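The letters A, B, C, D, E and F name the chains in turn, as written, and every chain counts its residues from 1.
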Amino acid sequence: MRLLVINPNTSASMTRTILAAARGVATADVIVDALEPQRGPTSVEGRFDEVISAYWTLDAVLPVASRYDGFIVACYGHHPVIGALREALQQPVLGIMEASILHALPLGDRFSIVTTSERWRPLLIEGVRVLGLQDRCASVRSSGLAVLDLEALPAEVVRERLCAAACEAIATDGAEVICLGCAGMAGLDTAVRQVARVPVIDGVTAAVVILTGLVRTAAATSKQALYQPIAKRSIVGLPRGITTAYAATSER
Amino acid sequence: MRLLVINPNTSASMTRTILAAARGVATADVIVDALEPQRGPTSVEGRFDEVISAYWTLDAVLPVASRYDGFIVACYGHHPVIGALREALQQPVLGIMEASILHALPLGDRFSIVTTSERWRPLLIEGVRVLGLQDRCASVRSSGLAVLDLEALPAEVVRERLCAAACEAIATDGAEVICLGCAGMAGLDTAVRQVARVPVIDGVTAAVVILTGLVRTAAATSKQALYQPIAKRSIVGLPRGITTAYAATSER
Amino acid sequence: MRLLVINPNTSASMTRTILAAARGVATADVIVDALEPQRGPTSVEGRFDEVISAYWTLDAVLPVASRYDGFIVACYGHHPVIGALREALQQPVLGIMEASILHALPLGDRFSIVTTSERWRPLLIEGVRVLGLQDRCASVRSSGLAVLDLEALPAEVVRERLCAAACEAIATDGAEVICLGCAGMAGLDTAVRQVARVPVIDGVTAAVVILTGLVRTAAATSKQALYQPIAKRSIVGLPRGITTAYAATSER
Amino acid sequence: MRLLVINPNTSASMTRTILAAARGVATADVIVDALEPQRGPTSVEGRFDEVISAYWTLDAVLPVASRYDGFIVACYGHHPVIGALREALQQPVLGIMEASILHALPLGDRFSIVTTSERWRPLLIEGVRVLGLQDRCASVRSSGLAVLDLEALPAEVVRERLCAAACEAIATDGAEVICLGCAGMAGLDTAVRQVARVPVIDGVTAAVVILTGLVRTAAATSKQALYQPIAKRSIVGLPRGITTAYAATSER
Amino acid sequence: MRLLVINPNTSASMTRTILAAARGVATADVIVDALEPQRGPTSVEGRFDEVISAYWTLDAVLPVASRYDGFIVACYGHHPVIGALREALQQPVLGIMEASILHALPLGDRFSIVTTSERWRPLLIEGVRVLGLQDRCASVRSSGLAVLDLEALPAEVVRERLCAAACEAIATDGAEVICLGCAGMAGLDTAVRQVARVPVIDGVTAAVVILTGLVRTAAATSKQALYQPIAKRSIVGLPRGITTAYAATSER
Amino acid sequence: MRLLVINPNTSASMTRTILAAARGVATADVIVDALEPQRGPTSVEGRFDEVISAYWTLDAVLPVASRYDGFIVACYGHHPVIGALREALQQPVLGIMEASILHALPLGDRFSIVTTSERWRPLLIEGVRVLGLQDRCASVRSSGLAVLDLEALPAEVVRERLCAAACEAIATDGAEVICLGCAGMAGLDTAVRQVARVPVIDGVTAAVVILTGLVRTAAATSKQALYQPIAKRSIVGLPRGITTAYAATSER
């Protein structure tokens, strides 16, 4: 089984971090690769970034997609490339926000998401509503950290900030499980768990094991209703990867 | 006051149709222009198309954005370019799905959307849920028409199909107001109203008058929480329009 | 186009204030009149007042209704006269609570209402629920001001109280747009906007521009389902205006 | 214990029917009276009627209110006089729609309301939403009968129509309990129960026993938040009953 | 009329307290008995206890069930024995959580539950959601008291703790009515009411009067859908009471 | 890794079927055992059965629980033993209804459950509501088959009935993914998938792969809030397994 972890920003160092986390949890029979787009923003922090990121991510992924059995979109949120890939491909596609919540649900009644800056709070609140999972969500809390702080600040400081936000979610909002709300937090789940004393879910980890399960049971994206294949259309002036995808669907 | 109607697909003839509809309802003091992206699909029919369309639409709109007081995204649905433009700009941005529902709400308790093909139903159901307006939505019904059918089929056939779907929404689902769920239906509202005998809302028309009102009252997009300005980032290899937007935001 | 602004309490001075605000935003081709009922309470502050107010408002409005193209009910809340007028008339009828929310929705993800006394909080929370818009409502906050305080206290004090409540809604509840929750706050939106630095919506202003748009597009209240015309009935001992309405409907 | 059944329309014959039903279920220690307003429509069939009906009902009830321990508003729906009375009085006030649903909830998971004409469907759907009980409501179904048909048509025909609607609600909508959705259906519950073979609730009956229980346990309307007492105000030209109420509240 | 109050834990002293409270509110024509299971935990404080408690409660109740016209399950929460008894019996079955909420709804817009330890909060939040009544629930608040504290601590301390939690629910959460969230709080409603100055509902009291009303109107549990009779099955090794129930249903 | 599949009814043959299905999907490093309780009903078809089944299932599972890393409750629905085990144990516990929905969510926007008899429909509708996943549930449909029919009827007939219900869910309710709503349907997913042409999820299969992933990532049930450990209590007359559990918790 081959899985592709997609980092939709252009930071190759973040791709490496995520890939290491993914490979750490993958079983021996699962090959995990990763890629990032060649163009676009170095981090994704809003709707605008998402569009730019989605475009070049599609261009990067589609030419190699047939080599993989499933895909992980390693951006915490309701990134538009998830839906686009589900239309373009048959193989299952999983976002790490969705994956972390799916793992959290059986472990407690209500989960909270601990994310980076305040900027992400409304995006994630809307994202949980789109998934229809708001009844189980106790809160979305910001740690006050920027994405880049996760690598730039001393590890101790990062841990303290995440733990503080997690503990507040538990004490004030009634959270029973904490989802770490950023791909860049991979590997920090253990540290937060020791302080918060509740299950702490890392989205990349959750995505790898859930996707492994989906592939093992031959699950495919439904082509009924929302994720129907892309209709053939005349297109002009698009890069090779995207063009291929439009052409490929013409044969369905 | 200058408004820009944005057709996010590459069909210039559809741009002309929409522009004519928009100008037909605009008052004398409102100048309405329109544009479409130079690259991308000729129609938008799913998540994949939306990403491609959003990318090139941003590239086309941003260089000219400062000339306009408000923007209409003339694609019926929760198109990602709406949120991206709201981040990038201060002026109000209105999608035609949202506009048609805002116009429908004071006219009756529950509205239905009559759209083109079955393919759009789940997209619009999800779109209404994202807007948080599902409690007032009686149903989303397909007319069985493809987008291109709207221009290709005899006008009589198109009218009959739309009227049939509208009447079913009224009789079976309890709809009190009908929203026409496609930019290409501009101008068909009168015909459907005569048969269905309830208010029938065309999204382009609704968007022009609502946006005129927003601009007249100096309304601007909130820069708090969801639509914060784009953060400055190092980007590589993006087209001129998009690059400008990233640079512009650096000065905020 | 002629619009009628209805102040459902008996305070003629408040009618004048509201009318001035309405005329200030109306375009040259829109004639705006206003009236208040001759009997009833001087302010509307609960369900009981609403019934008394609605009764005499109907009696005052119906005899002159045929002269107008649309109606604004200038009481912030789910006032029962709104539904009664929608049944009695074909022309569109807009409440200022509804109008302010419709204007707020495209400007941000979540709005808060800043109202006068604590007494109004539960009424407005219920009102938002009836409109089915609770998913977009961050909070309803009281400024601690009585309706009469708006005119009696020094302007500076009023502004400070409203700004304080607005800022709390933004910081604590995640509000991105503020709706001023009282007809008597007309004209205070600019001052609050300067402090709160988010869009601030005055309901009278919003109602004028939305209603202008509805009338321009020939929108009418749906007579399907909720707002069907009043059935002819034998009635006894009612004032002239109301009696006329019952009689008029007999001809439909 | 003395209870007052309030028929908010001017039909004295309907008052007698309702009173008989109420007395039929009241225990020996409960005195039940009834009244109707002297002015207003002979039946209540919409928002307009509700306002007129509420006004004269308040005027009729308030002068005698101190003689009673509790009140039943015998109009099936979210009649505005319910809220107005709750503000004006300390004693508990119960609408028959609310009462029938409260009785239905412990008897099955989901209830349906079988009402008279199609005209009432949207009113009752909105009413259930205001009560916040929509999750337990399987459907609101019309029997196609006018209110007056209940007395005018042969009893057999009336029964057949109600049973047909009830059986459809059970078979198609999953209803487990049927609420009869009109005060004029008092006494028909037994007949429908025999055919439908599920619990069938008459609102007047339910209201009498629930209100008896509330009074027995010394329950009073909460004066916190929504139903605060009426504030003293200068009023002009209102009938005696209503005037008294405004004056009375000044002493609180 | 004979009612059975079921204390599903094995504490006979708590049964006596509850029975006294129930008899205190029952009218002269209502005979109230009580029982508790012979085996199981002395208090019910979670899902595990509920299963053990439900099993032995069924065994205790079923052999005597035919002597009673209705049943009260005197454990505050969504105890599984409620549903099991509704399947096994025709007579109405009422839980005290449900009863207290049904009594609270007509007295104010939103209620809060004041319970014992933090341990019960998530159980009651889930319970309210299962009942579909979450839109009317302002909050669930813990008093910090253990169930046994209710009897062990000085009455004054208990009162103070409950009043503090109730007042916080009113001031912070907008509660208009307080439901006492534990069977062991029977008799404390008056004391809390004096301090909180809103209606305070004791579940046992509410259950007795509501059940009396249901029985008086010949209400029965719906056998449609959720509470269909138990299907005949071969069973092995179960205690006498439960065995009888399986056998009894075979004759339906 | 050792997983225990718990069949909560007393049918050993059904245990064997389920175990075979579970082992069929488990990877080489996962040991799967199964057991059923020695007492109780041969099938679980309602709230009453659930209580009896839960009791003896706890007694059977608890003595051997420490040997396993995770547990699957192989009864499709919101069985009370799931919550009880989550309190009693640290290891993750997964019901097959929950597991099938978790697997369905990433594969399409809305799922439907195809179950056995009409009897299960309201139970599953309530179960989905308790999980807070109702916004993604298109419908619950009955195949009209009894649980025993799954083994007794010719395989062809069973397949046809399931396929018919699945196709109706897709065509009428908008389902994009089908969840097979009975443990006894294990192995039928492939046949239904071929006809329905959408993803079809078997709950046992889904549970094995999800639980494997949870165990691999060292996930544990949250002991915060809902699933706190069982409090030590004096108990009388309970079977050995249950008694042990009460005692064990005393040491926490």
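To be clear about the criterion, a contact is a pair of C-beta atoms (placed from the backbone, for glycine too) under 8 Å apart; a residue touches a chain by one contact, two chains touch by 3 or more.
Quick caveat, the model's predicted, so the values are computed rather than measured.
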Can you tell me which pair among A-B, A-E or D-F shares over half of its residue-numbered contact pairs with E-F?
A-B
Superposing the C-alpha atoms of chain A on chain D takes a rotation of how many degrees, nearest 5?
180
Length of the line joining the C-alpha centres of chain C and chain F, rounded to whole Å
53
Distance between chain B and chain F based on Cα centroids, please, to the nearest Å.
44
Here the gap between chain D and chain E, centre to centre from mean Cα coordinates and rounded to Å, is 28
Two or more other chains touching the same residue: where does that happen in chain E?
109-110, 121-122, 126, 129, 132, 135, 174, 176, 225-227
Going by the contact rule at the top, pick out the chain A residues touching chain E in the complex.
109-110, 135, 174, 176
Touching residues (chain side chain D, partner chain E) in the complex:
25, 27, 29, 92-94, 98-99, 102-103, 105-110, 131-133, 135-136, 170, 174-177, 197-199, 201, 205-206, 209-210, 212-214, 216-217, 219-227
For the complex, which residues does chain E have touching chain F?
10, 38-43, 45-52, 54-55, 58, 80-81, 83-84, 86-88, 118-119, 121-123, 126, 129-130, 132, 225-228, 230-231, 233-238, 242, 245-246
Using the touch definition from the top, list the residues of chain D that touch chain B in their complex.
121-122, 125-126, 129
